[in-house]
Amino acid sequence: MAKVVSLSDAVAELVHDGDTVALEGFTHLIPVAAGQEIIRQGRRDLTLVRMTPDIVYDQLIGAGCARKLIFSWGGNPGVGSLHRFRDAVQHSWPVPLEIEEHSHAGMANRYVAGASGLPFAVLRGYTGTDLAAQTETIKPITCPFTGEVLTAVPALNPDVTIVHAQRVDRAGNVQLWGIAGVQKEAVLAAKRSLVTVEEIVDELEPRPGAVVLPAWVVTAVAEVPGGASPSYAAGYYERDNGAYQAWDAISRDRAEFTKWLAGVAA
Amino acid sequence: MAKVVSLSDAVAELVHDGDTVALEGFTHLIPVAAGQEIIRQGRRDLTLVRMTPDIVYDQLIGAGCARKLIFSWGGNPGVGSLHRFRDAVQHSWPVPLEIEEHSHAGMANRYVAGASGLPFAVLRGYTGTDLAAQTETIKPITCPFTGEVLTAVPALNPDVTIVHAQRVDRAGNVQLWGIAGVQKEAVLAAKRSLVTVEEIVDELEPRPGAVVLPAWVVTAVAEVPGGASPSYAAGYYERDNGAYQAWDAISRDRAEFTKWLAGVAA
Amino acid sequence: MAGGGGGVSEYSSDEMMSVAASRALGDGMSCFVGIGLPSTAANLARRTHAPGLTLVYESGCLGAKPSRLPLSIGDGELADTSDAVISVPEVFNYWLQPGRIDVGFLGAAQLDKFGNINTTVIGSDYHDPKVRLPGAGGAPEIAASCREVFVVLRQNARAFVERVDFITSFGHGTGKGDRERLGLPGAGPTLVVTDLGILRPDPDTRELVLAELHPGIDLDQVRAATGWNLKVSAELGETPAPTEAELRVLRELKAA
Amino acid sequence: MAGGGGGVSEYSSDEMMSVAASRALGDGMSCFVGIGLPSTAANLARRTHAPGLTLVYESGCLGAKPSRLPLSIGDGELADTSDAVISVPEVFNYWLQPGRIDVGFLGAAQLDKFGNINTTVIGSDYHDPKVRLPGAGGAPEIAASCREVFVVLRQNARAFVERVDFITSFGHGTGKGDRERLGLPGAGPTLVVTDLGILRPDPDTRELVLAELHPGIDLDQVRAATGWNLKVSAELGETPAPTEAELRVLRELKAA
């Protein structure tokens, strides 16, 4: 049953060194503040999971929090590359980064399997690509009815999933709307979950397109207004495109990044 | 792209003798009028698919439209048995009825596989039950990562799926709200689809909990106000519980039923 | 009507059954509710001692809070009062299958001494049944995946049989260890509530044993209503009669 | 700036590319849109000759009708203007995988002569790449499942290679018959639009062949910008220059 705590207490309690941690949010509602709190608390050896590692994962990787990344698209959307991610993969800076690489369809289905209590998912995927040879978590599976060969991927069950949502009510029920990505699946697949929210309200008003996560599947909730910035929270604030562009310059250079990091840690 | 036609034209064009036909709607929005139009047009040798065959399927079976039923729960909800279904299974009246029997979880996943373009779905299901021995479409499947044995069921891809919804806009986009059951999956799994609706509107207003089926995945739409009665259509009319109770008496007796049937055909 | 003792209202055996079943549901639990007797009991619990009980209906209603008893598992009232309404595939795949639900609350046409449930056919030949029943619905996976299963049904020798004609939903199979061997995650049936008393599986054998008699019911009545040689717990208790409050709420629910 | 002929506005080679790409999208089609150049072209088509074009974005926006060009595949504008917003798993499983989408519109970092796409690594060693690129995203399954695939990217010899370093998304493999052998349902890349011209696969070999030159571009320029020995269609055509209307709408979209 979701309890309301501070962000620092939530991260201290729920995220441990060596954990498999998923921060989800597809362009929208990315839990950036929670990611920076993980940096601030100096977590190490994390296996980071995310379909679209963007600047918050670039920050976590550059800060040396991660030893492995499970992902399907690692870029700065609309801008270009993730320089800290590239530096880690190409030059092991600041620490080596192991990667486990999938397609979006594969990652989405891995979360679905995780949320469904199944050990694997089946899809038509990766056929003819070079990914299958590089990624051990892609295997063939044969349909027992037709004999057709498809692709299996194993479930993702993070130790902790962190997402950002617009609202939570006093009972701990979480409501998010707009682009919902894979957040429901990522929360349901996880052993523990933390939801940062824009605000706590007395009652959730039904809304078109809203996704509700009942209190009994959420471990902790922290009120963090603006917690998704520089991504956006529909109904609250817009995407700060300038911040994404500015990140390109900060992240391109180790010294610049290190300066930025000192600012976060302070 | 959905075209707007009359119910009789839609059934004449989309439902053929020998077809596999799914009418879905989980308690709510059951396409009863469309089912009775199939009776009126005298279709034969249908394979009827439905998770919860209720009185509209009792009517189709009693009228001799079906040679096979694929289902998971065949009863008159809140009342008792489906007497025409029982008579067909126990005494082959008016024609023999082959059955293919699943659980709800199995049927739901068969539609999901059908909607997903996969030949089968995986679930934790049927373990220890006697169903697996009676139903050929239940087979074991082994996880290629963990070695665990789970259950596979084949996709359902009806020739035609018929559902009822509250609204369609002039462009043919369908909107339904309230309990949505397995309708989206059943429509997406089918080769052709017919949606009967309460009304045609100029524009669909976004609503909490609404499911939208875009025009380009619907074959035909027919305006049939009250087309889900005696089940209900949220926002339009309530369930007619009296009609469900009355069906018990009508369906119990072949002569009574035959009289009822003559009234429908007229 | 089974009469309660001095000072307590008259109540029916069905009311005793509903009240006894409702008491088994703890506050804060989540409960996957079948229609009929289970739904009555679960709604009564939510209106009495377990206001924080989460009701999950297979129609996709998570956290339904109906003010009257639904007639079907898909009544509009259930959708209108839910925390979330989701698709039927999602109910089974995301909510039931992973073992998130504490209690699965089921009815039965036949129940055997190891808690196996039949709702498929009466008679030994599946293809030529004496009586064709509605079938499985959600029950096989509810019985497999919920942390535990409560069964509620009226007790008589046709329903309470040595061995069900057809296992629609697996209870304890042929006894202890069967669920583990099959890899079924939940504990299976831990409680059977009838109009005569309460049965629980013996911890060593998993055979259903009479644990409580409802007030005014004697052992011979229960034995006559059981199709196997019923064992009785060494600590056979008596179910407390329904309280005034329980009866009032139950009758309000039914009348609404 | 590539200058158009008499009477037509000045336009850039990128504008020519976007216009040429947009023209390939027919009215009433459904198009799975990647961000960047594909999104520009698809939105231009919807604002000009193909108002009934259905745009599908992998963020879950079905039938998006943005009034300005989205900067990412998940802009709020896309969600606000869509017929339906669905989850990311649903996009891939219910909409892309079954082959419901007519055209998959992709970009590329490297493209080879058989239309195979690389967006993963530059260099021959996956574990020690010269350049680590963003990776697959939705592209492998878009390339597999859409009825056909259009690719749009700027042409130069580093991007247009004999053989991609890494097949992220399968085009025609090593030539005709490869897709069929792998059981890939869609037709694969049928069109490549660049800032210099248009390439199409040869029907017999599936090798990309120059089919059209954009106005003002000569063959040597294209050859120099191609890393393989480029074949030229016997019926090499010239792309019509952007019309005033096309340019106006394109610039409005960009400015909004």
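Read from first to last, the chains carry the letters A, B, C and D; within each, the first residue is number 1.
The criterion applied here is as follows: a residue touches a chain if its C-beta (ideal position, glycine included) is under 8 Å from a C-beta of that chain, and two chains touch if they have at least 3 such contacts.
Owing to the predicted nature of the structure, the values given are computational and were not obtained by experimental measurement.
**Student:** Consider the two chain pairs B-C and B-D; indicate the one with the greater count of contacting C-beta pairs.
**Tutor:** If we tally the C-beta pairs in contact for B-D and B-C, the bigger total goes to B-C.
**Student:** Determine, using the mean of C-alpha atoms as each chain's centre, which chain is farthest from chain C.
**Tutor:** D
**Student:** Chain B to chain D: how many Å between their CA centres?
**Tutor:** 41
**Student:** How many angstrom lie between the centres of chain C and chain D, each centre taken as the mean Cα position?
**Tutor:** Roughly 58 Å separates the two chain centres.
**Student:** If you average the Cα atoms of chain B and of chain C to get two centres, how far apart are those centres in Å?
**Tutor:** The answer is 28 Å.
**Student:** Mark out which residues of chain C touch at least two other chains, giving numbers and ranges.
**Tutor:** In chain C, residues 93, 97, 145 touch at least two other chains, as defined above.
**Student:** In chain A, which residues are in touch with two or more of the other chains?
**Tutor:** Residues 112, 117-118, 123-124, 148, 184-185, 209.
**Student:** Specify the contact topology among the chains shown, as one of line, ring, star, complete or other.
**Tutor:** other
**Student:** Can you name every pair of chains that touch?
**Tutor:** A-B, A-C, A-D, B-C, B-D
**Student:** Which chain D residues qualify as touching chain B in the complex?
**Tutor:** Residues of chain D touching chain B: 28, 30, 54, 62-63, 83-84, 93-94, 97-100, 145.
**Student:** Within the complex, which stretch of chain C touches chain B?
**Tutor:** Residue positions touching the partner: 35-36, 58-61, 71-76, 78-79, 85, 87-89, 91-93, 96-97, 120, 126, 128-129, 131-141, 144-145, 166-170, 173, 178-179, 182-185.
**Student:** Would you mind writing out the residues of chain A in touch with chain D in their complex?
**Tutor:** For chain A paired with chain D, touching residues are 26-28, 51-52, 71-75, 77-78, 81-82, 85-86, 89-90, 101-105, 108-109, 111-112, 123-131, 134, 148-149, 178-182, 184-185, 209, 232, 234, 238-239, 241.
**Student:** Across the complex, what residues on chain B touch chain D?
**Tutor:** Where chain B meets chain D, its residues are 1, 112, 115-118, 173, 184-185, 188, 211-212, 214, 216-217.
**Student:** Can you name the residues of chain B that touch chain A in the complex?
**Tutor:** It comes out as residues 117-124, 137, 139-141, 143-146, 148, 150, 152, 154, 206-210.
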